[in-house]
Structure formats: structure tokens, C-alpha cells
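See below for the structure under consideration.
Labels A, B, C and D are assigned to the chains in the order they are written; within every chain, residues are numbered from 1.
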Amino acid sequence: MSQAEADALVLSDDPEHPANLIPELCASFYHLGWVTGTGGGISIRQGNKVYIAPSGVQKERIKPEHIFVLPFPRPSPDVFLRKPTIPLKESACTPLFWNAFELRGAGSCVHTHSQHAVMTTLLWSGDVWQVSHLEMIKGVRIGGMGKALSYLDTIIVPIIDNTPFEEDLKDSMAQAMVKYPDAAGVLVRRHGVYVWGADWEKAKTQTECLDYLFEVSVKMKLAGLLS
Amino acid sequence: MSQAEADALVLSDDPEHPANLIPELCASFYHLGWVTGTGGGISIRQGNKVYIAPSGVQKERIKPEHIFVLPFPRPSPDVFLRKPTIPLKESACTPLFWNAFELRGAGSCVHTHSQHAVMTTLLWSGDVWQVSHLEMIKGVRIGGMGKALSYLDTIIVPIIDNTPFEEDLKDSMAQAMVKYPDAAGVLVRRHGVYVWGADWEKAKTQTECLDYLFEVSVKMKLAGLLS
Amino acid sequence: MSQAEADALVLSDDPEHPANLIPELCASFYHLGWVTGTGGGISIRQGNKVYIAPSGVQKERIKPEHIFVLPFPRPSPDVFLRKPTIPLKESACTPLFWNAFELRGAGSCVHTHSQHAVMTTLLWSGDVWQVSHLEMIKGVRIGGMGKALSYLDTIIVPIIDNTPFEEDLKDSMAQAMVKYPDAAGVLVRRHGVYVWGADWEKAKTQTECLDYLFEVSVKMKLAGLLS
Amino acid sequence: MSQAEADALVLSDDPEHPANLIPELCASFYHLGWVTGTGGGISIRQGNKVYIAPSGVQKERIKPEHIFVLPFPRPSPDVFLRKPTIPLKESACTPLFWNAFELRGAGSCVHTHSQHAVMTTLLWSGDVWQVSHLEMIKGVRIGGMGKALSYLDTIIVPIIDNTPFEEDLKDSMAQAMVKYPDAAGVLVRRHGVYVWGADWEKAKTQTECLDYLFEVSVKMKLAGLLS
């Protein structure tokens, strides 16, 4: 594929094209405090193409021409359908996003460094965070992909330990996803959270619901409202 | 009515047309944390027409063509003056908004999932939340529709229990509205709040006042400033 | 004066004209949580003209044609240089803004319902709020109009009791201003704060400094960092 | 140099020109609560030119023509390559920014009055703030300029005492930078923080990481999660 053909993969007048959506959504996430300091982001998979932002850049200033396009499935970590022409590396979250695509068939995966997620992992010291009887639970789907949880369900998100290198989370995240097939995300202790969905809308709104639940459950815990 | 005639009900150059206002206001509410994760919203009634947003969509991205128009009164739940041409369902809050229109004669009703409302329902464990001697009380009208409360009045909002299905709140919300005729809203435990007013401006500003009062009363409670 | 001549007082292409600034600043204050629910605002005096927003309107949606222009000094409460053509009443804060213009010679006065101001008045139960040794003190001028306070100064703002009608605060606010000539503002218990300055820039930035100091002093108090 | 030649130093169509970036970034910092009340800001050095904002102005309303350009190195405090034509003084932070340029070879330095920084200096009463085992540590470079810290590193930022005049911080800040060569910033007790980097992107993102770490460590401390 020529560079012009490759670049065509990220140039579109459609505001809902993944290469336009990722910059817009990352800017929005920045203002929510989810992706400051270059961390976090969102990946979108459409069929056999995966769109991914660069590593180590200001997430509120990404441009479509900075987006990587990867094949799905991906024969090896060296294969790209399209790379930016300036020297950038694909997000270090790529193997983690891949877990969501491979193990759940997700169409999108969000990663945040939200302080609500981090505080949750500090106040819930075990292997899982769980709450029940909160309306926002209904905005999350079983396994992130199935039917919506009920108000009467207990929502559970596994918590895995952080590692010095993001890619080294791949196996423990995958194990947690297998062990908790109904979970719509995985918390990483002292780090943040991964949340996925069938498409970018569902990945985003489920991240909003989980972030809200993390925040309100932290408030409840600190107010002595959770035993 | 033809689809073109029906669509004309939601297409207008006037920024204050309900089909333009609902998207704008929902986007604004999103940034206040009131309607993240697809929850919450605002309905506007103008005479015998009620404008309602779809269910389960990102509330900050609604477009005028997504708006439902319902007749008021409504002969049956199946009657619409206008439905979007793409497959969407009207907000699950519709029967609750209707309570405000029917029982109070309201012209608009707001529903939020504000964490301040939820924390209020957790820290006030009885049937009502109440505070007094706060200036913002003056921004709320008796029953949501009458004259403004005084600084010397105690403001009372009933709290009802949540149900698995939003529409099942209809009866208990109606009962609370009848039992507390001076209340400008109804809190739903572990869920959020419904607030109404004579028009969208008053529904919105009263929601702002109540949300402020929920927030500051939670702070006061946690600081030991309320007995 | 004809209505056209009167309207010319509020119509200008200059973004720094008071009738353009007041809407812009009120919208900005709305997003800071200072003027939600129709409360609060800013008045600007330029020489013998005072520009004031309407009462009871959404402060983030004011338009230049909604602005009142009053003469300074004002022979009686009934005299206006210009009134909006739609039925609106001038801000109920007008007599309080006047205190700042008359007693301090201020060119602008801000009123907020900031929760930080309200919490301050609840956690400081006496006649004054005071803190020392915080850098932001340097952004406030002696009496709101003189030279800047030093980092070594203790900043003092008197707290007056709230009244059911805003205009009834006029005398107690004036007394507090006379008793505390070095104060750059007056807190109103369970209500908010008035802050003034030589011009709109100084009134606004001093309000920002005081609001910051209220917020951080509340945090310090709740953390046990203030005796 | 003529005034026209000097003005050319701050007039550019390139949005990434320092004279355009400083206003944009300061406006963004204002909305983060870092530079309200005229405090704080960012300076950018490109080779032998340093771009600096004025002192005592609203940081969210700076215009390119307000920017000072100073030579680096600077023969004396009186030498400017370009000054605004209206009466303004260069930021009082100039000598502190210079520490970062001279002692670290930084290309940019940020100063904030963030309340998270201030609370950190109150809750860590010794000479340094330090935390470990938080993912956001990885967004900060050794000494602000070297390779990135690891998740396994303890991040340390020295805390110096505040002084009545900002320029009097120069020596104690320099001493702290020499004593803690690996620190990417210096906290000023009851005042704020200085953070630098190789360029404006790295200074900004490192400030974001540190501010996040200050905030979350304050939350952890208040929740009893730090011994």
C-alpha cells in the first residue's frame, strides 16, 4: 500500500470516522480528567481495522494524521496498515485493547487514569470492586457486550496489580477477563481502568457509568455508608 | 400526518424551539455531570405537544431529528405526533415527566442522575430531605409552580425508593407529589431526582437550585454542621 | 431620551463595553458555579453610568439588550437611563452594588453564591473570616481599592447575617464596610459574598482570589490544619 | 531594533508560535484552576529567546501583543528584545523561570497556584513531598529533563518556604534544585509549584502528572491511606 493509500485510511470528512472520533473523544476525556499527562485513550475497531492513538502525546491535541491503523487479527506486532509519517509509536495500551477485541469481541476499548478508578483500587483492597443498588449500574452490560445489568444486580469489576510496563498487564488482564466473564472492565491498582463495549458509543457510555459508580462508591465508603 | 409534516415539528431555525433546546440543554447538563452514561434529560411541553429525547443515547449528542413529539393529553402510550426515522425509543422517563405535566400542570421536567442527589438520598434515610436557612431556597417555587419560597421556609423534597424499571416509579412518584403538594421535585433513592417548572427556564433553574442545595447540604452533613 | 437613544447605551461592537462584558462574565461565572439558579452577577460602573443585569434570569444567557443603565449618583430608585423593552426588573443586588460604589468608590462589584463562600460562613461562626500565610492573599487589595495585601498580612472579611429580602442587607453590609475599611468584600452567612474593585478586572480577579482562599481555607479547616 | 521589528517577534500565524501558545495555554490552565486571580503562568524558551507573559493580568485573556521577549542568557534584568507597547511589567516569576532554564537547560517552565499543590505543602510538613507506586509517576522525567521515572521509583519534589516577594524565591528554589537534581519541580509552601521540561509539551504534561499526583496523594492522606 502506498503512503497515500495508507493515509486515506485516516482522512475523512465524516465526523464519525474513527480517525476523527478518537481525537474528539480524547479531548473530551481530557476535560473529564481521564487522560491528562498523556495517559489513557480510546481505540476503535471496525471490522478488521483497529484505530489507535499514539503513545506519549497530549491526548487533547491528537490530529487524525497521528492515528495508527492496525489489521485485526494482527499477524505480528510489527504489522501496520498505516503509520503516521512523523516519528510516533502506537499507544502502549495496544495489547490491552487487543484483549477486549479478542476475548470479548469488543468494537472499542477505553483506558482512563481517572482518580476515581485509582481511589477505588485503594479503598477496595481485594481482588474485586463491587457495589449494588445504584441506578447507574443499569448503564453497564453483562461482560460489556451482553444485555444490560439490572438495578438488582451486583456489579463486579476485577482489580489486577499494576506492572512497570503497560504491556506486561496483558496476561493478568486476560486472566481476570476469563475469571470474571460478566465484568465490563478491569481495574488496575494504582493506575486506572480498562472498559470496552460493542462500539465506541457503548464503550464510552459504559466508562461514564463505571466512573460515576467508582466516584460515588468512594464517597459512600469515606462517609461510612458502605460496610 | 405525513413524515414530512411530522418532521416539521422538530425542524426550526429558532434556537429556542424545544427540538433545538433539548439537545443544547442536555449537552449542558452532561458537563454538569447530570446526564452522563445516557441517563437523565429534559422534556418540554408547549400546550398540547410534548417534546422528549430518545432513551439510551448519549445525551450530549442528541440532534433535533432524534426528538419525539407526543400529544398532551395522550390517548395511549402508542400515540406519537412524530417519531425519529431511525430506530429509537422514547425516554423511559416519559411516564415520570407526565406526572409533572398532569399533576402540576408543568411545562417542563428535568431528570438528573446527579451524585449530589444520590448522596442526599443516602444521607437522609427517611421519607424526605429538608434544609432551611440557605439563600438558594429562594430560587425554588412552591410546588415548583407557585410563588417563590422564602429564605425563612424549610424546603422539603420527598424521597421515594427506586425500582428496577424506571416506568414503575410512576405511581410512587405521583403519590409523593400528592402527599407533598409544595414540593418542587421528587428524589429517587440511589438514582437521582425529578424537578419541574412552568417552563424550561424555571425547570432548569429550579434544578440548579436544588442540585446546589443537595450538594451543600451533603457537605454540611459530612462536616457535622447539620444535627 | 428616546428609546433608541437609550438602547444605544447598551449596543456596541466593543467586546469590552459593559453591556457586552456583563453577559460574557456572567456566563463565565456560571461555569465556576458562582451564579447558577439565577443568583449572583456583576455590575460595572463607568463614571456616572452603572450597568446592571436583570433579576431572576439565567445568568449565563443574558443579552446586551437585557442590561439596565442607571445614573450615578441616582436621585431615586425609580430613575433609569435605560431599561429593557421586555418586562424585566433590575437585579435585587442593586442596593448592595451601590454600597461598593458609594462607600468605596468602586468601579465594579461581583456577587456570587459560591458554595465555598457559604461553607466559609458556616465554618467561621463569628463576625469575620480570616486567614494568613497564603500566596493568593497578595491578589487582594486593601479595602478592595488600595495597594495589594502582603503575604504577611492577615486577610479579614466580615460576615453579616442573611435577610429574607436581598435589599435589606444594604444597611448591615454598609455597617460592615465602615467597621472593616480594609476588607475587599463582605460575606453573607448562608448566602454568598460581595466583592468589589476599581474596575471589572480587579473586581473579578479579587473575587477569584477570595473564592480560592475560601475554598482552600475550608479544606484546611476540615483537614484539621487550622486551629 | 525598531518597535515593528520587535513586534514581529510576537506576531505569527503559526498557532504553535510561543506568543500564540502562551495565551492559549494560560486560558486552558485557568479552567484547571491553576492560574486564577492573575497568578501563575507558563514561559517558553526557544534557543536564545524567552517568551514571558505580563504580571498581574487575567491569565485567560492574554493576547500575543502582551508577550515579553527576553534574550537568553540575559545580560541584565533591564534587557528586553521586545516589550508590549501598553504599560505592563513582565511576570514576577521571571527569575524563577530562569532557574529552570539555567540550572536544568529547560525549554519551558510552568507555575501554578493549584490548590492541590498548596494542600500538599500543608499535609507534608517536611522538606519534601514524596509518593510511590502510582502509574502517573511514569509521566514525569528525572530532573524534568532526563528519562522517564519508573512505576517502581519514588517521586520526590522539594518544598521551599514562601517569601513575601516572588523574586526572593530565586535562591532557595535554586538551592532545592541543586540539592534534589532528580526533581522535576519545586513546591512552594502555601503558594504553588514550579515545573519544567525540555519543551512546552513536556513542561505542561509533567505539570499535569504532578498535579494529579498531588491531588490523589492528598485524597489518600485524608483517607488514611498513607502512613
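One rule holds in what follows: a contact is a pair of C-beta atoms (placed from the backbone, for glycine too) under 8 Å apart; a residue touches a chain by one contact, two chains touch by 3 or more.
The structure displayed is predicted, hence computed values, not measured ones.
The minimum number of touch steps linking chain B to chain D comes to 2. Residues touching across the chain A-chain D interface largely differ between the two copies, under half of the numbers being common to both. Chain centre most remote from that of chain B: D (centre = mean of CA atoms). When chain B is laid over chain C using CA atoms, the rotation angle comes to 90 degrees (nearest 5). Between chain C and chain D the centroid-to-centroid distance comes to 31 Å (mean Cα coordinates, whole Å).
Averaged Cα coordinates give chain A a centre that lies 44 Å from the centre of chain C. Touching two or more other chains at once is no residue of chain D. Two chains count as a pair here when they touch; such pairs are A-B, A-D, B-C, C-D. Against chain A, in their complex, chain D makes its touches with residues 133-136, 139, 150-152, 201, 204-206, 208-209, 211-212, 215-216, 219-220, 223, 225. Listing the residues of chain B that touch chain A in their complex gives 33, 36-39, 58, 113, 115, 118-119, 122-123, 162-164, 188, 190-192, 222.
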